[in-house]
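You will see subunit A twice below: alongside subunit B first, and alongside subunit C after that.
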Partner chain A sequence: MARADVLPLPQRRAIWRVMARRYAHLPLLAPAVAVSVAVFWACMAVLVVMSVYPFLAAGTPRFTLDAWQRFLVDPFYWGVVGTTLRIGVVVTALSLLIGYPTAYAMSKIRRPGWALACYVVLFAPILVSVVVRTYGWLLLLSQTGAVNYVLRTLGLIGQPIPLIFNTTGIIIAMVHILLPFAVFPILSVVGQLTSDLKEAAMDLGANRWQTFRRVTLPLTLPGVVAAAQIVFTLTISAFVTPFLMGGGKVQILSGLIYRDMEAVNLAFASTVALILLALAMAILAASNVLVRRSYSRAEVLRT
Partner chain B sequence: MARRMKRREFLAESAKTGLGLFALAQIGGTTLGLAQQASAGGTERLTMFVWSGLNLPVVAHEVSKFYMQNHPGVQIEVLEGQNFEVYPKMVSARKLTPDKPLVHFGYSNAQFTYQGDVDDMWETLDLNNVPNAANIADAYRRPGNKGIGFSIAPVGLMYNPTFVKEPPTSWTDMWHPRFRGKVTSVKYAWYANGLVVAAKLNGGNEKNIDPGFKLWSERANQFVAFANSNVETRDLVVRGDAWLAAMFGGNALQWKQDGAPLEFVIPREGVIAFPLYLIVVKGVTPQQKRIAEDVINLILSERWLARWATLTFYVPTTKKSVVPPSLRDLPMYSPAETGRAIQFDWLTIAQNERIWRERWDKEVVARMGR
Partner chain C sequence: MTLVGADRVEDDVELREVSKRFGPVLAVDRVSLQVRRGEFFSLLGPSGCGKTTTLRIIGGLEYPTAGEVVLRGQVVTDVPPYRRATNMVFQHLALFPHLAVFENIAFGLRLRGLPSDVIARKVDDVLQLVDLPGFGTREIHQLSGGQKQRVAIARALVNEPAVLLLDEPLGALDLKLRLQMQAELKALQHRVGTTFLYVTHDQGEALTMSDRIAVMNQGRIEQVGTSQEIYARPQTRFVAAFIGEANFLEGRIAASAPDGVLVSVDGLQVRVAGDGSLPVGAPVTVSIRPEHVKLGAAAAGAANRWDGRVQDMTFMGAVVRATVALASGIAVVAEIQNDAAVGLAPGDAVVAGWAPQHTVVLAR
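Moving on to the complex of A and B:
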C-alpha cells in the first residue's frame, strides 16, 4: 500500500530537478573546501592540541594551560600585541592613502599602452621574492645606503638617519610590498564607476570634495574595505620583512612564534599563532560589522 | 572557435582535474615518504643531516658517495640545512612517527646536541663499530656515547677593517663604548651574542647567568641589530651597519678569502670552543644504526678529518694532529690556543634555552632603541 506522504513520481522528479539546480555549484566548492579543511583548519586543530599538550621528552603529555596563562597574564606579551597591531594599522592606512589615488588614476587611463605600463610598474614587484625586495630596501635605506648618501651629499643631514632596524623601516618596506594588494581591490571597484552619479551630484551643487565624500567614496567603499582587510592581515602575520627591516629589535607576534618554534617550545608557539589568528579574525569581523552599520545608516538617511 | 562549455561537461572536467591533483598529491607524498622509509626493494635508505653554506656539506656528500659506491644496497640522502630550522622538525617527527625519524643521523652543533639530550633524541653509539673514535680526544666523548665530538668551530671576533682602525682585542670590546650601536649577532646564539661570555667575565657562569643579563640590559644599545643567520651577520658587517660580531673563525676566514672586507681576531681571553658532533637519531632500525655508525667511522678517519679541516678551517678534535701543513700556522690550530679555549656548559644552556630566550627579549631587546 502506498504511503500518504510519498509524492507522485512527476512531482518528486520536479523537486529533484529544483534541488539539483540549486546545489549544482556545491561540487565546484569542494576542492577549495577540501584544501581549506585539510591544510588550514586541520592545522589549526593541531595547533590547539599542541598548545595544551606540550611535547615532553619522556612520559605522556598532560593537559595544561600554562602556555595560554603565560601569554595572557604577562604585560610584555600584550606590548608585543600592541606593536603588531600598531604596525598593521599604520601600514594599512598608508597603503590606502597611496593606493586609493593610484587606483583612481589608473582607472582613468585610456591609452592601453600607458595602462599596461602602470600595471607592470605596480605589480611587477610581486613577481620578485619578498626576501629580495627586502634586501633591496636594506641596501637603499642602510646607513651607507643610497638614501642616506644622497641626503648627506645634498647637505641636508650631517649624520646618517636610522631608516632601518626600527619600526620606520618595517613600515616603509611593508607598504611597498603590500601596495599592489591595496590597489587591486580598489581598482576593481573604481573601474566600474560611471560618471552619471558624480555629474548628478555636481548638478545639484556639490563641489568636487563633497562629490568624492558623498558619492565616490561610499560607492568604492567595498573595495577599500577589502584592500584594508587584505593589507592588515598580511602585515600582522608577516615575518621575513619585519625581522630583516626591524633587525630583530621590533618585537612582533610572528617573531615570537619563530623564537619558540626554534626552541621547540611548541606549546607557546602554537598559543601565539592562535592568538594572532584570533586577532585577525576579530578585526576582520569588526570591520565587516562597521561597514554594514555604516551602509545601514546611509540607507536610513536616504529614506 | 570558442565553444561554451555545458555545466555537465564543466563538472566532469572539474572532477577529472580533482582526480589528477589527488593523484599528483599521492605521488608527491610517496616521494617524500621514500626518504623516511626504512627499506624499499632491498635498499636501505637513510637521511644524513649536514649544515648548508660555505664548504660545510662537502665532506658529507663525499663520504656518503664513497660509502654508497662500496655498499650498493644503501642509499644515503644528504639533507642540507641549519640545526635551528631542522631540529624542531626532527622533534616533531619523533613525536608523531617515532619509528620513522626525519633524519637518521648526521651533524649537530653543541647547542642542539645538548638540546637533544634534554629531549631524549639521540641513540647510543656502539664504539666497537666506530674504531676511529679512539683517535678523538677524551674531552669530546659524550656521556653515554650519545654522539661524538669530531671538531670544534672556534668563535672569535670578526670586524670590518674599513670602519675599525684599531682591532678589537678582548671579548669585553663587545660591550665597550667605542662599539656602541655597532655590534651584531645571531639573536639567540649564546656562543655569539655575548651573554655567556659576559656572565663568565663578570663573576657568573652558565648556572649563574644574571651578571650576563645585567650587563647586556644596561648595554642593550651596543647592538645595532640582530641577525637570523651567520650569512646575515656577515652582510651586516660587510655593509658597515655593524662593525663587530662574534663569529666562527672558519666562516670569517672563508669569507675573507672570497674577498669580503673582514678580519678575524682571537680575543686575549681565548676563542670560545663550539664543539660539533655526529649523532644518530632515536627511532632508527638496528641495520640503519649500523650503517650510520659505519659512515660516522669514515668521517672520523684521518683522511676525511683532514679534508674537513682544509675545507672549513674548523679544528678536528683528534688526539694527534690531522691538520694539513698549510693550516698549521694559523693561530686557531695551535694546540695552545685550543687548550685554553673557553668551554661552555652546554647542558645547562640547553636546559635554560626557553627561559633565556624570553629573558633576552624582555631584558635586552626591549631596551634597545627603536
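Moving on to the complex of A and C:
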C-alpha cells in the first residue's frame, strides 16, 4: 500500500472503491462494539479496580488484596461456589433432559397450527416477569401448595415435603424459567436434520436407539452444547429466582454479591462478581475444549 | 411363486401384488416381480412412476399398503429395515457428514459387533474394490461427487447384502463421469456377484447395464425382459415410446398375410410380423424404430415401401434424421447413416420402406 500514492489516479480510485466495498459492513458493527466495549469492558475495569482499592469511594485509595484473600481462604465461600456450581449443573442437566425430547417432538410437528401452539406454550412465559413466575412457583410448591396437596391426596407422601427455601425449589423454578433457552438452540439444529441420514443408519442395521446414539445425537451435539452453555451461565448468574426460592437459606454467589453491595462492602462484592465471571468463562472454555477434543478423539480412532 | 430346483435359479427378491398408497396417490399399483440371484435388475420409468417407493418397500423403509415382500424365500413384509439383508445406495447418498470415510463404511460392521481388525480389513478391501485406496481418513466434504458415489456404494456393499438396492446413484453426476461409473458399476457387480436392484429413469443406462429390466409407468410394471426384448419387442405403446424412439401408426388389422398380418393405416396396407392372435378389425398401433426406416435405394427390397417427400432433415453427427411425408399424409421419421443421406434435401421425392420383421404390433 506504500506505493499506492505513486499509482495513476484511476487505479488509486479503484483501490479505494474495492476497500470501501470490502469494509462497507464495518459500520454495522458499531452499536454492538459500543455496547460491548464501552459498557461491558468498562464495568470489568471498574470491578477489578474496586476489588483492590476498597476505599475508592470513601476517598484515600489504598491498594489491598484483602477482599480476594478473605474469599480464597475461607471454606465457607468455597462452599458457596460449590452450591452455585451444583445448582448450575443440575439445572443444566434437567433442562437438557426435558428440552431435547421437547425440541425433537416440536421439529416433528407438521401442522403449522400445532407448531405455533407449541411455540406459544413454550415461549410465552418469557414474556412474564421472572418475579411473577417465581412467586407462582412459591405458591405451587409451598407446604400448603398444590403440589404437596396432590402428592398427599394421592397418598404418595404422608407429610408435606419442603419444596421451597431450599435448592430443590431453586432447581425446579430455574428449570422452568430456562427451559425455552435450552429448547431453542436444540430445535434449530434438530430441525435441520433430514430423515435420510436416519434412514441410512437404519438401513445399515441400526435400531432406533443406535440411530439416535450414532447419528442424531452427534449431529445435534452443537445445539446441545450451545443450550448447555446458555442455561448454565444463566443459572449460576441468576439472582431473583434463587433469592426468592431459596428464602435466604441457600447461599449462592449472586446472593453474596447482593448482600455485600447492600452492606456497601463494594470491594468484596466486586471480588465475588469477578470470581463468578471467571467461573462462567472457565466452564464455557472447558466445554468448548471438551467438545473439540471429543471430535478429534473420534478422528484418531478412525484413522 | 418361488420354485427352488435344479432348473431354476433361486430368486433373491420377490414382490407379490405390492401396492403403496400415499393419500390419494397410488404410488405403487399391484407390482409383482422376481429378481434372480446375481442378477443386475433395473427398475426403469419416468419421474414419479413409483421406482423409489418400490425400492424403499423392498428395503423396509416404506410399509406396503398391500402385498408381500419376499427376500431369499422368506416373507419380510413386517421385518424392520435394520433386520433385512438389503442395503441401499440412496438417491442423495446420505453419507454421514460427522464421520470420515472409514467410519461411514464401517458403520454397518460396527453395529454387527465385528472385531476391529476384521472391520479394518473389510473396509480396506471394499475401498480397494471401489478404487479409493487410502481414502479412509478423508472427511466426506473433502470428496468429489464421483468419490462420494463410490463411498456410498462401498458403505452398502461392505455388509454383503443379499440385494444391493441402488436408487439413481449416478443421477447427480455429469455425463462423462456417469458413463465411466456405469461401466465400473457393471464390472463391480460382475466381480462381487451380488444381486443389484437398480433404479433409473435413464433408458440408456438401463439398457447398457442390466441383465433384465422392469419398465414402470404410473405405479405399474408394463414389461419385464432383457434389454434386447424390451427394445425389440415392446409389449405396450408406453414401453415402445419410453425405450428408444418409435414411429407409431394407428390402424386396424385388415387380414392375415402369409408371414404375419396386414394392418390398414389410413389407406396404406402395412405388412407386419405378427402371430395373428388379434382378430381382423381389431384396433392396433404399429411401431417402427426410426433406424429401421430405409430411404431410397436401401428401401428397394422392403415389403413395406411407399413414395414420399422429405419434409425435414436434422444432422445428428453419425446419423441424419429425416422426416418423410408418405403419399397418404402419414409422416415417418427415418434415422439413416450420414453417407446414405448425401444428395438428399428437404423437398426431394424419396422412397421410404421398412421390413415387416422390424415392426411391432401393439393392441390398443
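Convention: the second predicted complex is superposed on the first by the 269 of 303 C-alpha atoms of A that agree within 3 Å, B and C clash if a C-alpha of one lies under 4 Å from a C-alpha of the other, contacts with A are read in each partner's own complex, and residues count from 1 in each chain.
Keep this in mind: a contact is a pair of C-beta atoms (placed from the backbone, for glycine too) under 8 Å apart; a residue touches a chain by one contact, two chains touch by 3 or more.
Small disclaimer: the values here were computed from a predicted structure and weren't measured.
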{"item": "Clash or fit, subunit B versus subunit C on superposed subunit A", "value": "fit"}
{"item": "Contacts of A:W78 with subunit B and subunit C, given as first, second, both or neither", "value": "neither"}
{"item": "First (subunit B), second (subunit C), both or neither touched by A:W16", "value": "neither"}
{"item": "Subunit A: partner with more touched residues, subunit B or subunit C", "value": "B"}
{"item": "First (subunit B), second (subunit C), both or neither touched by A:D196", "value": "second"}
{"item": "Subunit B versus subunit C as contact partner of A:P31, first or second or both or neither", "value": "first"}
{"item": "First, second, both or neither for A:W114, with subunit B first and subunit C second", "value": "neither"}
{"item": "Subunit B versus subunit C as contact partner of A:W41, first or second or both or neither", "value": "neither"}
{"item": "Subunit B versus subunit C as contact partner of A:N207, first or second or both or neither", "value": "second"}
{"item": "Minimum C-alpha spacing, chains overlaid - subunit B and subunit C, in Å", "value": "31"}
{"item": "Subunit C to subunit A touching residues, read off their complex", "value": "59-61, 80-83, 86-88, 90, 92, 94-100, 102-103, 107-108, 111-112, 136-137, 155-156, 159"}
{"item": "Subunit A residues within the subunit C interface of the complex", "value": "196-197, 199-207, 210, 214-215, 218-219, 298-299, 302-303"}
{"item": "Touch list for subunit A against partner subunit B, complex", "value": "24, 27-28, 30-31, 55, 57-58, 76, 79, 138-139, 142-144, 164-167, 243-244, 247-251, 259-266, 268"}
{"item": "For the subunit B and subunit A complex, residues of the former touching the latter", "value": "7, 11, 14-15, 18, 21, 84-85, 87-88, 91-92, 95, 115, 118-120, 187-188, 223-228, 232, 239-241, 353-354, 357, 361-362, 365-366, 368-370"}
